[in-house]
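Labels A, B, C, D, E and F are assigned to the chains in the order they are written; within every chain, residues are numbered from 1.
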Amino acid sequence: MASTAEDFETPNSLRDICGLDLVEKNDLDDEMATFVHGIEKKYGFVPNFLRMWASDNRRLRAFLVPWLELMRTDSGLSPLDHELIALVCANENGCAYCCAHHGATLRGVSGDPVFAELIGRNYKLAELSSRDRAMLDFVVMVQKEPEAIGDTERDCLRAKGFDDEAIWYIASTAAFYASANRMSAAVGLKITPEYLTMHR
Amino acid sequence: MASTAEDFETPNSLRDICGLDLVEKNDLDDEMATFVHGIEKKYGFVPNFLRMWASDNRRLRAFLVPWLELMRTDSGLSPLDHELIALVCANENGCAYCCAHHGATLRGVSGDPVFAELIGRNYKLAELSSRDRAMLDFVVMVQKEPEAIGDTERDCLRAKGFDDEAIWYIASTAAFYASANRMSAAVGLKITPEYLTMHR
Amino acid sequence: MASTAEDFETPNSLRDICGLDLVEKNDLDDEMATFVHGIEKKYGFVPNFLRMWASDNRRLRAFLVPWLELMRTDSGLSPLDHELIALVCANENGCAYCCAHHGATLRGVSGDPVFAELIGRNYKLAELSSRDRAMLDFVVMVQKEPEAIGDTERDCLRAKGFDDEAIWYIASTAAFYASANRMSAAVGLKITPEYLTMHR
Amino acid sequence: MASTAEDFETPNSLRDICGLDLVEKNDLDDEMATFVHGIEKKYGFVPNFLRMWASDNRRLRAFLVPWLELMRTDSGLSPLDHELIALVCANENGCAYCCAHHGATLRGVSGDPVFAELIGRNYKLAELSSRDRAMLDFVVMVQKEPEAIGDTERDCLRAKGFDDEAIWYIASTAAFYASANRMSAAVGLKITPEYLTMHR
Amino acid sequence: MASTAEDFETPNSLRDICGLDLVEKNDLDDEMATFVHGIEKKYGFVPNFLRMWASDNRRLRAFLVPWLELMRTDSGLSPLDHELIALVCANENGCAYCCAHHGATLRGVSGDPVFAELIGRNYKLAELSSRDRAMLDFVVMVQKEPEAIGDTERDCLRAKGFDDEAIWYIASTAAFYASANRMSAAVGLKITPEYLTMHR
Amino acid sequence: MASTAEDFETPNSLRDICGLDLVEKNDLDDEMATFVHGIEKKYGFVPNFLRMWASDNRRLRAFLVPWLELMRTDSGLSPLDHELIALVCANENGCAYCCAHHGATLRGVSGDPVFAELIGRNYKLAELSSRDRAMLDFVVMVQKEPEAIGDTERDCLRAKGFDDEAIWYIASTAAFYASANRMSAAVGLKITPEYLTMHR
């Protein structure tokens, strides 16, 4: 079931959705192609970031393997936790693409568009448990002043009930989006319009 | 050839080398164990970051797969390019661990400790080709103001001879270290002392 | 036609929509009451900022008089210009309320939700004429480094065809929102939910 | 008693006192003209900011209406409070014109030139009651990080005896000068020399 | 002619003029005592900074020797240049004491209080030759981003006619005040009131 | 024993070790020449900073007199304290030359290269007594936000056992390096390679 160009090609070329003229290798293996088809089925469209990374099988795998590691069920973080972190990172890093994407997914997971709007603009204004607030405060430190993190900051998370494995995954998720947000910006990825109306 | 604890266990436990008390699962598969042994053989020691990530097979894989993608031979970047980017990122992000690590590896690749010192403190002071300087200026933007990157910045790289695939890998390498630098800081990874005398 | 509490009272009290427990004086004069009714009729609801300022007749007048001055037809700026400036200011100043409000109004004026999303996140990514880009670059300077503005910056606007009266109104609009964005944040004004679905 | 050009025209034209070549409409209505004459009588000169805004009746009104609202006697703030806030804002926003203006007025209200100098440079060094210090700390947040203001910050003011109406006026005064300081800078308003020797 | 406490003791003790309770050793040698008397004669008072440093002979000498080196007649800089640099540094570093001191001395050297006010608030607004502007731009870089200085910046000074010895003294003067401004702040030196009315 | 050019001339000229083409006056008096020879004897080489300052006798004296004042035995600070402060300043101010120099000297004084590496990158990660940490926190404030220092900060030092004379010398040392770090950067001083291997 190796992918072919037609499978999820949309009328526009890669150059129309990002600032780089990348070669589309059409070399996805079954696992990667299945993943892309799964997203397309779930969302009803192939998001631009996925089209871009799917231009090369190794490239997509290098994106998905660490992302799937964050999705493991024993991470100590819920899907809502993941989306909270992802959207706060997108906003802190000024990534318009990721704000649109994770704004949509957080609306979906939380079922609360006003809450998602606040998380995507200024999480300090949102109603959050003290656990979630501590988690997001740590995430902001990872983005903005990682060099200032020490035992004090990790102990704050422990005091809210996170064990050390969960702290690892909070840090990993924040670090993953520090990378993904920058990558979207650096390559000039254009917003997928469908995000803006999803789960409104 | 699955790994066991004794294989690369050193006297200290994980808690001695980082700020988290992670479970060591001793579950490395052959591919991951071979990688760790290879590094140990090459360096003469297992660096702390590797001991930490090797605590869980999926965790290590999630680190290595994207790193190996950056190492691909058709990326348009040389090993020296990679180390230049890695060390500039470490310094920009204030990561003491990564400065020590990539300071050592850049001394190895470049054979020039004074040059490596300048790159690790202030690359503007180093003698660099205009190609390399443009590459590192872009890398700093990826770290510090990704939201300001546009066609102008990508065109600067093109003007220095980088094709769009190479620009992808410059961006990817910078984004990878934006993540790795933050992860080291967030989990309180301690410096591997051997780095400091390597390639002096 | 002086206003009474019932006129535009909604079930929640002022304390529910902002962080201050302000007295509602119910003292709007005819001109102010007419304005509030007009907005309610146009939007289908009374936005929270208006309910808050309408708590006192002098307060509302102090907000409306300078805003109406910006609306004058001989300012040299179009309604689209006004909304571009307003949304860029809201984003620069991190005002969640104003981003929601002017995100909605810019979607209305421009008819382009993707464009409005980019303006509200990172106008550098939007397709803009060089005139509009110069206008917004100036607006960002007014917000972030007003002390650096000099003849050079004003001449950039003149070179794009703005006369000195129009430059006054660009500056005035930017300065007005420097104030309004801070006021919303300082008093803890809560987002009006209706904004989020307007003109999607 | 409509104003005419000769009434408060000084030898220099508007272009001599600011960076814009604005039309002087000489259209002040009685209320506005009376205000300008009142200031001239009180100060012995017409300050440059007033000459600039008085170039158009609507413009001047849009400045004075919100300023007069801040001057209301039931705001909970004294004239000294107002000038403290105004000078701290001018300094925080780097507005040379407003530092000169409110340096002079604070010297007048406080009768203490050394105190006024400290407020205009670094209020942390001045002898202030804990009430006044809390007020100015809040004002600095309004200028520099309004997005970080929450209930905690408003409660700090309440703990010092400010009621919610007074907090509104602290916020409003700070927001007014966030606008006025930027406007002076953006239009290149030149210092009125008389300020420098007033109340020395 | 060794100094004694009475020579320039004023009613208040050192603790009244700064935040440290330093021992007054009354051990000035003839050279240092002559210097202090000279300043007292010239100004009509002993400035607080001098009283503080004169508490110990070695301390005063450690301040004066580098300052006198900057005063050498073959430095390529005039007294006006020196005061321009000193006041810009004081403002950039937020030192209230030094702003008052060098505000006074620049009024004296330049004979122009409005000019001195602008230099002490925002030199970009002052009328300056392109030579002086280049000198002050360099000085600001020395204060705020010394790590970004390279041949390009030094060549800008050369292009304005400064030889390399003069560049040394521009840098030295800026560096001297980077130190002096911080010292005044760190020890809590109080403003000498006489500065505020000098040369008005 | 006046110095001559041959005494410590190395093959390269001043232009090879810094960004300025300074005149070498060869005018060192006995005291200065003895100092230079002493350093050469102690280190085995003349560091670049010393060669540069020794180009003129007054220049060198202006550097040494304040430095020797910091070295006085009754300052309340040990040589280790001095080097801790010096290296933290060098890192905070981004001075590559001073990081290399004081990295070497701190390795010498402390005998611990890993400790010195952490101090030179991020002292928050080093194991420090609470006294030393308080001292370095104060030093960072002197570098980065001197205007925020008040009695609270000085009292923190007193609470750790520093008397007011010692606080003077902590401040003086930090201020001295605020100057020295900027001077090295401003004149483009090149790293002395020998530092990098000293005390490894």
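Everything that follows uses one rule, which is that contacts are C-beta pairs under 8 Å (C-beta built on N, C-alpha and C of every residue); 3 or more make two chains touch, one makes a residue touch a chain.
The shown structure was predicted, so the numbers you read here are calculated from the model rather than taken from an experiment.
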| item | value |
| --- | --- |
| Partner chains shared by subunit C and subunit D (touch criterion as defined above) | A, E |
| Interface numbering overlap (same over half, different under half) for subunit B and subunit F | same |
| Farthest chain relative to subunit A (centres taken as mean CA coordinates) | E |
| Approximate Å spacing (C-alpha centroids) for the pair subunit D, subunit F | 46 |
| Subunit A and subunit B, separation of their C-alpha mean positions in angstrom | 22 |
| Between subunit E and subunit D, distance of the C-alpha-averaged centres to the nearest whole Å | 31 |
| Shared interface positions of subunit E, touching two or more other chains | 94, 96, 122, 125, 147, 150, 188 |
| Chain pairs that touch, as defined at the top of this document | A-B, A-C, A-D, A-F, B-C, B-E, B-F, C-D, C-E, D-E, D-F, E-F |
| Subunit A-facing residues of subunit D, complex | 147-148, 150 |
| Residues of subunit E defined as touching subunit C within the complex | 122, 124-125 |
| Interface residues, subunit A side, partner subunit B - complex | 19-23, 58-59, 61-63, 65-66, 68-70, 72, 93-96, 138, 141-143, 146-147, 149-151, 154, 164-165, 167-168, 171-172, 174-176, 178-183, 185-188 |
| Residue ranges of subunit D in contact with subunit E within the complex | 94, 96, 99-100, 113-114, 117-118, 121-122, 125, 188, 190-191, 193, 196-197, 200 |
